[in-house]
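First comes the structure, then the notes that go with it.
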Amino acid sequence: MDNHPYAVCIEACDACAAACDHCAVSCLQEPQPKPMARCIALDVDCAAVCRLASGAMARDSEHAQAICALCAQLCEACGTECGRHAMEHCQECAEACRRCAEACRHAALHGSVGAP
Amino acid sequence: MDNHPYAVCIEACDACAAACDHCAVSCLQEPQPKPMARCIALDVDCAAVCRLASGAMARDSEHAQAICALCAQLCEACGTECGRHAMEHCQECAEACRRCAEACRHAALHGSVGAP
Amino acid sequence: MDNHPYAVCIEACDACAAACDHCAVSCLQEPQPKPMARCIALDVDCAAVCRLASGAMARDSEHAQAICALCAQLCEACGTECGRHAMEHCQECAEACRRCAEACRHAALHGSVGAP
Amino acid sequence: MDNHPYAVCIEACDACAAACDHCAVSCLQEPQPKPMARCIALDVDCAAVCRLASGAMARDSEHAQAICALCAQLCEACGTECGRHAMEHCQECAEACRRCAEACRHAALHGSVGAP
(Lines give C-alpha, C1' and ligand atoms only; values in the text may rest on other atoms or scores of the structure.)
Protein backbone atom coordinates (compact mmCIF):
# COMPACT_ATOMS: atom_id res chain seq x y z
CA MET A 1 0.00 0.00 0.00
CA ASP A 2 3.06 2.27 0.12
CA ASN A 3 2.33 3.50 -3.38
CA HIS A 4 -1.36 4.13 -2.63
CA PRO A 5 -2.17 7.72 -3.65
CA TYR A 6 -3.36 8.46 -0.11
CA ALA A 7 -0.57 6.47 1.63
CA VAL A 8 0.85 9.41 3.58
CA CYS A 9 -2.51 10.52 4.93
CA ILE A 10 -3.67 6.97 5.70
CA GLU A 11 -0.55 6.46 7.78
CA ALA A 12 -1.05 9.79 9.57
CA CYS A 13 -4.66 8.87 10.38
CA ASP A 14 -3.73 5.42 11.69
CA ALA A 15 -0.95 6.88 13.85
CA CYS A 16 -3.29 9.58 15.17
CA ALA A 17 -6.04 7.08 16.00
CA ALA A 18 -3.58 4.96 18.00
CA ALA A 19 -2.17 8.02 19.80
CA CYS A 20 -5.69 9.19 20.70
CA ASP A 21 -6.73 5.77 22.00
CA HIS A 22 -3.54 5.51 24.03
CA CYS A 23 -3.99 9.05 25.38
CA ALA A 24 -7.59 8.35 26.42
CA VAL A 25 -6.73 5.35 28.58
CA SER A 26 -3.60 7.04 29.95
CA CYS A 27 -5.72 10.05 30.99
CA LEU A 28 -8.11 7.66 32.76
CA GLN A 29 -5.19 6.20 34.69
CA GLU A 30 -4.01 9.60 35.95
CA PRO A 31 -4.51 10.12 39.70
CA GLN A 32 -7.00 12.90 38.91
CA PRO A 33 -8.79 12.18 35.61
CA LYS A 34 -11.42 14.89 36.13
CA PRO A 35 -9.44 17.71 34.43
CA MET A 36 -8.84 15.30 31.54
CA ALA A 37 -12.54 14.69 30.82
CA ARG A 38 -12.66 16.86 27.70
CA CYS A 39 -9.33 15.45 26.49
CA ILE A 40 -10.69 11.89 26.83
CA ALA A 41 -13.92 12.77 25.04
CA LEU A 42 -12.05 14.39 22.15
CA ASP A 43 -9.62 11.45 21.99
CA VAL A 44 -12.52 9.04 21.52
CA ASP A 45 -14.12 11.21 18.82
CA CYS A 46 -10.84 11.82 17.01
CA ALA A 47 -9.83 8.15 16.98
CA ALA A 48 -13.20 7.21 15.48
CA VAL A 49 -13.02 9.83 12.72
CA CYS A 50 -9.37 9.02 11.92
CA ARG A 51 -10.27 5.35 11.40
CA LEU A 52 -13.22 6.35 9.23
CA ALA A 53 -11.00 8.61 7.13
CA SER A 54 -8.30 5.96 6.82
CA GLY A 55 -10.83 3.46 5.46
CA ALA A 56 -12.46 5.96 3.12
CA MET A 57 -9.09 6.80 1.59
CA ALA A 58 -8.08 3.14 1.31
CA ARG A 59 -11.33 2.57 -0.59
CA ASP A 60 -10.66 5.68 -2.69
CA SER A 61 -14.16 6.77 -1.71
CA GLU A 62 -15.77 9.57 -3.71
CA HIS A 63 -16.42 11.18 -0.30
CA ALA A 64 -12.83 10.82 0.94
CA GLN A 65 -12.14 14.54 0.61
CA ALA A 66 -15.22 15.60 2.61
CA ILE A 67 -14.35 13.02 5.28
CA CYS A 68 -10.75 14.25 5.44
CA ALA A 69 -11.98 17.83 5.88
CA LEU A 70 -14.00 16.74 8.90
CA CYS A 71 -11.08 14.70 10.21
CA ALA A 72 -8.78 17.73 10.00
CA GLN A 73 -11.28 19.68 12.10
CA LEU A 74 -11.45 16.97 14.79
CA CYS A 75 -7.66 16.58 14.84
CA GLU A 76 -7.18 20.31 15.35
CA ALA A 77 -9.63 20.39 18.26
CA CYS A 78 -8.13 17.29 19.88
CA GLY A 79 -4.55 18.44 19.31
CA THR A 80 -5.26 21.83 20.85
CA GLU A 81 -6.78 20.28 23.97
CA CYS A 82 -4.01 17.68 24.32
CA GLY A 83 -1.39 20.39 23.84
CA ARG A 84 -2.61 22.06 27.06
CA HIS A 85 -1.52 19.11 29.20
CA ALA A 86 2.10 18.35 30.08
CA MET A 87 1.86 14.56 30.27
CA GLU A 88 3.89 12.67 27.68
CA HIS A 89 0.81 10.85 26.30
CA CYS A 90 -0.93 14.18 25.75
CA GLN A 91 2.07 15.80 24.12
CA GLU A 92 2.59 12.82 21.82
CA CYS A 93 -1.09 12.83 20.94
CA ALA A 94 -1.02 16.57 20.25
CA GLU A 95 1.86 16.04 17.83
CA ALA A 96 0.09 13.12 16.07
CA CYS A 97 -3.05 15.26 15.78
CA ARG A 98 -1.13 18.16 14.26
CA ARG A 99 0.52 15.92 11.68
CA CYS A 100 -2.79 14.27 10.84
CA ALA A 101 -4.65 17.58 10.59
CA GLU A 102 -2.08 18.80 8.09
CA ALA A 103 -2.20 15.61 6.02
CA CYS A 104 -6.01 15.64 6.04
CA ARG A 105 -6.23 19.30 5.03
CA HIS A 106 -3.96 18.48 2.09
CA ALA A 107 -6.01 15.42 1.14
CA ALA A 108 -9.25 17.39 1.49
CA LEU A 109 -8.00 20.01 -0.94
CA HIS A 110 -6.19 17.87 -3.48
CA GLY A 111 -7.71 14.37 -3.22
CA SER A 112 -5.70 11.37 -4.25
CA VAL A 113 -4.41 13.18 -7.34
CA GLY A 114 -2.51 15.75 -5.34
CA ALA A 115 -0.87 13.29 -2.96
CA PRO A 116 2.68 14.36 -2.21
CA MET B 1 -32.04 5.83 25.70
CA ASP B 2 -35.51 6.67 24.37
CA ASN B 3 -35.38 10.04 26.09
CA HIS B 4 -31.87 10.80 24.81
CA PRO B 5 -31.95 14.23 23.12
CA TYR B 6 -30.65 12.68 19.90
CA ALA B 7 -32.78 9.49 20.16
CA VAL B 8 -34.64 10.00 16.87
CA CYS B 9 -31.51 10.62 14.84
CA ILE B 10 -29.53 7.84 16.54
CA GLU B 11 -32.27 5.40 15.58
CA ALA B 12 -32.37 6.71 12.01
CA CYS B 13 -28.59 6.32 11.71
CA ASP B 14 -28.64 2.78 13.10
CA ALA B 15 -31.46 1.79 10.75
CA CYS B 16 -29.67 3.35 7.78
CA ALA B 17 -26.38 1.61 8.59
CA ALA B 18 -28.14 -1.76 8.71
CA ALA B 19 -30.03 -1.07 5.47
CA CYS B 20 -26.78 -0.05 3.72
CA ASP B 21 -24.92 -3.14 4.93
CA HIS B 22 -27.80 -5.37 3.87
CA CYS B 23 -28.01 -3.63 0.47
CA ALA B 24 -24.28 -4.03 -0.14
CA VAL B 25 -24.29 -7.80 0.31
CA SER B 26 -27.56 -8.18 -1.57
CA CYS B 27 -26.08 -6.25 -4.51
CA LEU B 28 -23.09 -8.61 -4.45
CA GLN B 29 -25.44 -11.57 -4.69
CA GLU B 30 -27.21 -10.22 -7.77
CA PRO B 31 -26.53 -12.22 -10.95
CA GLN B 32 -24.80 -9.14 -12.40
CA PRO B 33 -23.17 -7.10 -9.63
CA LYS B 34 -21.17 -4.92 -12.04
CA PRO B 35 -23.84 -2.20 -12.48
CA MET B 36 -24.15 -2.15 -8.67
CA ALA B 37 -20.48 -1.30 -8.04
CA ARG B 38 -21.12 2.35 -7.16
CA CYS B 39 -24.13 1.40 -5.05
CA ILE B 40 -22.01 -1.07 -3.05
CA ALA B 41 -19.20 1.45 -2.57
CA LEU B 42 -21.63 4.11 -1.34
CA ASP B 43 -23.36 1.58 0.93
CA VAL B 44 -20.04 0.80 2.62
CA ASP B 45 -19.20 4.49 3.07
CA CYS B 46 -22.67 5.39 4.28
CA ALA B 47 -22.86 2.57 6.83
CA ALA B 48 -19.50 3.63 8.28
CA VAL B 49 -20.49 7.28 8.61
CA CYS B 50 -23.92 6.44 10.07
CA ARG B 51 -22.29 4.34 12.81
CA LEU B 52 -19.82 7.15 13.51
CA ALA B 53 -22.65 9.68 13.76
CA SER B 54 -24.71 7.39 15.98
CA GLY B 55 -21.83 7.05 18.43
CA ALA B 56 -20.98 10.76 18.38
CA MET B 57 -24.58 11.62 19.24
CA ALA B 58 -24.78 8.97 21.97
CA ARG B 59 -21.65 10.53 23.49
CA ASP B 60 -23.17 14.01 23.06
CA SER B 61 -19.92 14.90 21.29
CA GLU B 62 -19.14 18.57 20.78
CA HIS B 63 -18.58 17.62 17.14
CA ALA B 64 -21.88 15.76 16.75
CA GLN B 65 -23.39 18.49 14.60
CA ALA B 66 -20.48 18.59 12.15
CA ILE B 67 -20.52 14.81 11.94
CA CYS B 68 -24.28 14.77 11.30
CA ALA B 69 -23.84 17.33 8.52
CA LEU B 70 -21.38 14.99 6.80
CA CYS B 71 -23.65 12.02 7.43
CA ALA B 72 -26.58 13.82 5.77
CA GLN B 73 -24.39 14.38 2.70
CA LEU B 74 -23.41 10.69 2.48
CA CYS B 75 -26.99 9.54 3.03
CA GLU B 76 -28.23 11.77 0.23
CA ALA B 77 -25.63 10.44 -2.20
CA CYS B 78 -26.27 6.82 -1.25
CA GLY B 79 -30.06 7.24 -1.27
CA THR B 80 -29.98 8.82 -4.72
CA GLU B 81 -27.90 5.97 -6.14
CA CYS B 82 -29.98 3.25 -4.46
CA GLY B 83 -33.16 4.95 -5.67
CA ARG B 84 -32.09 4.29 -9.28
CA HIS B 85 -32.31 0.51 -8.83
CA ALA B 86 -35.58 -1.41 -8.68
CA MET B 87 -34.51 -4.19 -6.33
CA GLU B 88 -36.27 -4.27 -2.98
CA HIS B 89 -33.00 -4.01 -1.00
CA CYS B 90 -32.07 -0.86 -2.93
CA GLN B 91 -35.49 0.72 -2.53
CA GLU B 92 -35.53 -0.01 1.20
CA CYS B 93 -32.02 1.38 1.53
CA ALA B 94 -32.97 4.51 -0.43
CA GLU B 95 -35.87 5.10 1.97
CA ALA B 96 -33.67 4.56 5.06
CA CYS B 97 -31.10 6.97 3.59
CA ARG B 98 -33.74 9.64 2.96
CA ARG B 99 -35.06 9.38 6.51
CA CYS B 100 -31.56 9.48 7.95
CA ALA B 101 -30.50 12.41 5.80
CA GLU B 102 -33.48 14.39 7.06
CA ALA B 103 -32.84 13.49 10.70
CA CYS B 104 -29.14 14.33 10.33
CA ARG B 105 -29.82 17.67 8.67
CA HIS B 106 -32.09 18.54 11.58
CA ALA B 107 -29.50 17.41 14.14
CA ALA B 108 -26.76 19.31 12.31
CA LEU B 109 -28.77 22.52 12.49
CA HIS B 110 -30.26 22.27 15.95
CA GLY B 111 -27.99 19.91 17.93
CA SER B 112 -29.37 18.00 20.87
CA VAL B 113 -31.32 21.06 22.03
CA GLY B 114 -33.58 21.14 19.00
CA ALA B 115 -34.39 17.43 19.00
CA PRO B 116 -38.01 16.89 18.03
CA MET C 1 -35.07 -4.46 8.14
CA ASP C 2 -37.64 -5.62 10.70
CA ASN C 3 -37.86 -9.01 8.99
CA HIS C 4 -34.06 -9.39 8.81
CA PRO C 5 -33.15 -12.78 10.32
CA TYR C 6 -30.89 -11.05 12.84
CA ALA C 7 -33.25 -8.09 13.48
CA VAL C 8 -33.65 -8.71 17.22
CA CYS C 9 -29.92 -9.00 17.86
CA ILE C 10 -29.03 -6.06 15.59
CA GLU C 11 -31.41 -3.88 17.58
CA ALA C 12 -29.99 -5.13 20.90
CA CYS C 13 -26.44 -4.37 19.72
CA ASP C 14 -27.37 -0.87 18.52
CA ALA C 15 -29.15 -0.11 21.81
CA CYS C 16 -26.22 -1.44 23.82
CA ALA C 17 -23.67 0.59 21.84
CA ALA C 18 -25.66 3.77 22.47
CA ALA C 19 -26.08 2.97 26.17
CA CYS C 20 -22.33 2.30 26.51
CA ASP C 21 -21.38 5.53 24.75
CA HIS C 22 -23.83 7.49 26.88
CA CYS C 23 -22.56 5.81 30.05
CA ALA C 24 -18.92 6.58 29.20
CA VAL C 25 -19.46 10.32 28.84
CA SER C 26 -21.78 10.42 31.85
CA CYS C 27 -19.10 8.70 33.95
CA LEU C 28 -16.61 11.33 32.80
CA GLN C 29 -18.96 14.06 33.98
CA GLU C 30 -19.27 12.61 37.47
CA PRO C 31 -17.62 14.73 40.20
CA GLN C 32 -15.17 11.85 40.80
CA PRO C 33 -14.54 9.91 37.57
CA LYS C 34 -11.56 7.99 38.97
CA PRO C 35 -13.58 5.04 40.35
CA MET C 36 -15.33 4.90 36.97
CA ALA C 37 -12.12 4.38 34.95
CA ARG C 38 -12.70 0.66 34.32
CA CYS C 39 -16.37 1.29 33.54
CA ILE C 40 -15.43 3.91 30.95
CA ALA C 41 -12.80 1.66 29.37
CA LEU C 42 -15.24 -1.25 29.11
CA ASP C 43 -17.94 1.07 27.73
CA VAL C 44 -15.63 2.13 24.91
CA ASP C 45 -14.68 -1.46 24.10
CA CYS C 46 -18.24 -2.73 24.31
CA ALA C 47 -19.67 0.02 22.09
CA ALA C 48 -17.04 -0.75 19.43
CA VAL C 49 -17.72 -4.48 19.43
CA CYS C 50 -21.52 -4.00 19.43
CA ARG C 51 -21.28 -1.80 16.31
CA LEU C 52 -19.02 -4.37 14.66
CA ALA C 53 -21.47 -7.17 15.46
CA SER C 54 -24.43 -5.14 14.27
CA GLY C 55 -22.77 -4.57 10.90
CA ALA C 56 -21.61 -8.17 10.54
CA MET C 57 -25.16 -9.40 11.11
CA ALA C 58 -26.65 -6.83 8.75
CA ARG C 59 -24.22 -8.12 6.10
CA ASP C 60 -25.10 -11.71 7.02
CA SER C 61 -21.36 -12.26 7.37
CA GLU C 62 -20.09 -15.83 7.46
CA HIS C 63 -18.26 -14.75 10.63
CA ALA C 64 -21.33 -13.21 12.30
CA GLN C 65 -21.62 -16.03 14.82
CA ALA C 66 -17.99 -15.81 15.95
CA ILE C 67 -18.31 -12.03 16.24
CA CYS C 68 -21.53 -12.36 18.27
CA ALA C 69 -19.79 -14.80 20.62
CA LEU C 70 -17.09 -12.20 21.30
CA CYS C 71 -19.72 -9.48 21.65
CA ALA C 72 -21.58 -11.51 24.28
CA GLN C 73 -18.35 -11.80 26.25
CA LEU C 74 -17.71 -8.03 26.14
CA CYS C 75 -21.31 -7.25 27.06
CA GLU C 76 -21.17 -9.53 30.08
CA ALA C 77 -17.97 -7.92 31.34
CA CYS C 78 -19.28 -4.39 30.77
CA GLY C 79 -22.71 -5.17 32.25
CA THR C 80 -21.15 -6.66 35.37
CA GLU C 81 -18.96 -3.61 35.92
CA CYS C 82 -21.78 -1.14 35.23
CA GLY C 83 -24.07 -3.10 37.54
CA ARG C 84 -21.77 -2.27 40.47
CA HIS C 85 -22.50 1.46 40.21
CA ALA C 86 -25.74 3.05 41.39
CA MET C 87 -25.93 5.88 38.84
CA GLU C 88 -28.84 5.72 36.44
CA HIS C 89 -26.58 5.73 33.34
CA CYS C 90 -24.69 2.74 34.70
CA GLN C 91 -27.83 0.82 35.64
CA GLU C 92 -29.37 1.47 32.22
CA CYS C 93 -26.15 0.41 30.54
CA ALA C 94 -25.97 -2.76 32.64
CA GLU C 95 -29.49 -3.66 31.53
CA ALA C 96 -28.71 -2.98 27.85
CA CYS C 97 -25.56 -5.09 28.17
CA ARG C 98 -27.48 -7.98 29.70
CA ARG C 99 -30.09 -7.94 26.95
CA CYS C 100 -27.41 -7.72 24.26
CA ALA C 101 -25.33 -10.50 25.80
CA GLU C 102 -28.37 -12.77 25.75
CA ALA C 103 -29.27 -11.89 22.15
CA CYS C 104 -25.65 -12.36 21.04
CA ARG C 105 -25.29 -15.71 22.78
CA HIS C 106 -28.43 -16.86 20.95
CA ALA C 107 -27.15 -15.56 17.62
CA ALA C 108 -23.74 -17.14 18.21
CA LEU C 109 -25.34 -20.52 18.75
CA HIS C 110 -28.06 -20.49 16.14
CA GLY C 111 -26.98 -17.97 13.49
CA SER C 112 -29.55 -16.25 11.35
CA VAL C 113 -31.49 -19.50 10.95
CA GLY C 114 -32.37 -19.74 14.59
CA ALA C 115 -33.49 -16.14 14.99
CA PRO C 116 -36.46 -15.95 17.33
CA MET D 1 3.71 4.92 19.63
CA ASP D 2 6.69 2.94 18.27
CA ASN D 3 7.48 1.70 21.77
CA HIS D 4 3.87 0.72 22.47
CA PRO D 5 3.86 -2.92 23.65
CA TYR D 6 1.47 -3.82 20.84
CA ALA D 7 3.16 -1.62 18.21
CA VAL D 8 4.00 -4.44 15.79
CA CYS D 9 0.49 -5.90 15.82
CA ILE D 10 -1.21 -2.48 15.64
CA GLU D 11 0.80 -1.72 12.53
CA ALA D 12 -0.03 -5.11 11.00
CA CYS D 13 -3.74 -4.56 11.67
CA ASP D 14 -3.71 -1.06 10.16
CA ALA D 15 -1.86 -2.29 7.08
CA CYS D 16 -4.26 -5.23 6.71
CA ALA D 17 -7.34 -3.02 7.05
CA ALA D 18 -6.06 -0.71 4.31
CA ALA D 19 -5.16 -3.66 2.04
CA CYS D 20 -8.63 -5.18 2.55
CA ASP D 21 -10.41 -1.91 1.81
CA HIS D 22 -8.28 -1.38 -1.28
CA CYS D 23 -8.87 -4.96 -2.43
CA ALA D 24 -12.65 -4.64 -1.99
CA VAL D 25 -12.98 -1.61 -4.26
CA SER D 26 -10.48 -3.01 -6.74
CA CYS D 27 -12.53 -6.23 -6.96
CA LEU D 28 -15.63 -4.12 -7.64
CA GLN D 29 -13.85 -2.43 -10.51
CA GLU D 30 -12.94 -5.72 -12.19
CA PRO D 31 -14.78 -6.36 -15.47
CA GLN D 32 -16.48 -9.36 -13.82
CA PRO D 33 -16.93 -8.75 -10.08
CA LYS D 34 -19.28 -11.71 -9.60
CA PRO D 35 -16.53 -14.30 -8.85
CA MET D 36 -15.11 -11.78 -6.37
CA ALA D 37 -18.27 -11.51 -4.26
CA ARG D 38 -16.96 -13.63 -1.37
CA CYS D 39 -13.59 -11.87 -1.52
CA ILE D 40 -15.31 -8.47 -1.24
CA ALA D 41 -17.51 -9.62 1.65
CA LEU D 42 -14.52 -11.00 3.56
CA ASP D 43 -12.51 -7.84 2.82
CA VAL D 44 -15.23 -5.71 4.42
CA ASP D 45 -15.44 -7.96 7.49
CA CYS D 46 -11.68 -8.23 7.87
CA ALA D 47 -11.09 -4.47 7.59
CA ALA D 48 -13.69 -3.84 10.29
CA VAL D 49 -12.22 -6.37 12.70
CA CYS D 50 -8.64 -5.20 12.06
CA ARG D 51 -9.60 -1.62 12.96
CA LEU D 52 -11.39 -2.85 16.08
CA ALA D 53 -8.33 -4.85 17.12
CA SER D 54 -5.99 -1.95 16.41
CA GLY D 55 -8.02 0.32 18.69
CA ALA D 56 -8.38 -2.28 21.44
CA MET D 57 -4.61 -2.77 21.51
CA ALA D 58 -3.91 0.98 21.47
CA ARG D 59 -6.23 1.27 24.49
CA ASP D 60 -4.50 -1.72 26.11
CA SER D 61 -7.99 -3.16 26.53
CA GLU D 62 -8.43 -6.07 28.92
CA HIS D 63 -10.17 -7.79 26.01
CA ALA D 64 -7.40 -7.12 23.49
CA GLN D 65 -6.27 -10.73 23.45
CA ALA D 66 -9.77 -12.12 22.77
CA ILE D 67 -10.26 -9.53 20.03
CA CYS D 68 -6.89 -10.41 18.46
CA ALA D 69 -7.84 -14.10 18.47
CA LEU D 70 -10.97 -13.27 16.48
CA CYS D 71 -8.99 -10.98 14.19
CA ALA D 72 -6.51 -13.78 13.43
CA GLN D 73 -9.43 -16.00 12.42
CA LEU D 74 -10.88 -13.37 10.05
CA CYS D 75 -7.47 -12.60 8.55
CA GLU D 76 -6.86 -16.27 7.83
CA ALA D 77 -10.21 -16.66 6.09
CA CYS D 78 -9.76 -13.47 4.07
CA GLY D 79 -6.14 -14.24 3.19
CA THR D 80 -7.05 -17.73 1.99
CA GLU D 81 -9.81 -16.37 -0.26
CA CYS D 82 -7.65 -13.54 -1.62
CA GLY D 83 -4.81 -15.97 -2.24
CA ARG D 84 -6.99 -17.81 -4.77
CA HIS D 85 -7.11 -14.80 -7.11
CA ALA D 86 -4.21 -13.73 -9.30
CA MET D 87 -4.86 -9.98 -9.31
CA GLU D 88 -2.19 -7.85 -7.66
CA HIS D 89 -4.66 -6.30 -5.17
CA CYS D 90 -5.72 -9.79 -4.05
CA GLN D 91 -2.17 -11.07 -3.73
CA GLU D 92 -1.10 -8.00 -1.76
CA CYS D 93 -4.15 -8.35 0.47
CA ALA D 94 -3.45 -12.06 1.03
CA GLU D 95 0.07 -11.21 2.14
CA ALA D 96 -1.15 -8.44 4.51
CA CYS D 97 -3.72 -10.87 5.94
CA ARG D 98 -1.09 -13.54 6.53
CA ARG D 99 1.20 -11.10 8.34
CA CYS D 100 -1.68 -9.76 10.42
CA ALA D 101 -2.96 -13.23 11.31
CA GLU D 102 0.48 -14.16 12.58
CA ALA D 103 0.86 -10.95 14.61
CA CYS D 104 -2.64 -11.35 16.06
CA ARG D 105 -2.09 -14.98 17.00
CA HIS D 106 1.04 -13.90 18.85
CA ALA D 107 -0.78 -11.03 20.58
CA ALA D 108 -3.70 -13.30 21.48
CA LEU D 109 -1.35 -15.75 23.17
CA HIS D 110 1.07 -13.39 24.87
CA GLY D 111 -0.76 -10.08 25.27
CA SER D 112 1.20 -6.87 25.51
CA VAL D 113 3.76 -8.51 27.79
CA GLY D 114 4.96 -10.91 25.15
CA ALA D 115 5.31 -8.36 22.38
CA PRO D 116 8.37 -9.09 20.27
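Annotations
Every chain is named by a letter (A, B, C and D) in the order it is written, and numbering of its residues begins at 1.
Just so it is clear, a residue touches a chain if its C-beta (ideal position, glycine included) is under 8 Å from a C-beta of that chain, and two chains touch if they have at least 3 such contacts.
Labels paired with UniProt names: A, B, C, D = Four-helix bundle copper-binding protein.
This structure is a prediction, so every number in the text was calculated from the model and none was measured.
Judged by contacting C-beta pairs, the busier of the interfaces B-D and A-B is A-B.
Separating the CA-averaged centres of subunit A and subunit B is a span of 23 Å.
Centroid to centroid, with C-alpha atoms defining each point, subunit B and subunit C lie 21 Å apart.
For subunit B, the set of residues that touch two or more other chains comprises 24-25, 41, 44, 55, 59. Chain contacts in this assembly form a complete graph, since each chain touches every other chain.
The touching residues of subunit C, counted against subunit A in their complex, run 24-25, 28-29, 31-34, 37, 40-41, 44. Against subunit D, the residues of subunit A that register as touching in their complex are 1, 4, 10, 14-15, 17-19, 21-22, 24-25, 47, 51, 54-55, 58-60, 92, 96.
Within the complex, the subunit B residues that touch subunit A are 41-42, 44-45, 48-49, 52, 55-56, 59, 61-63, 66-67, 70, 73-74, 77.
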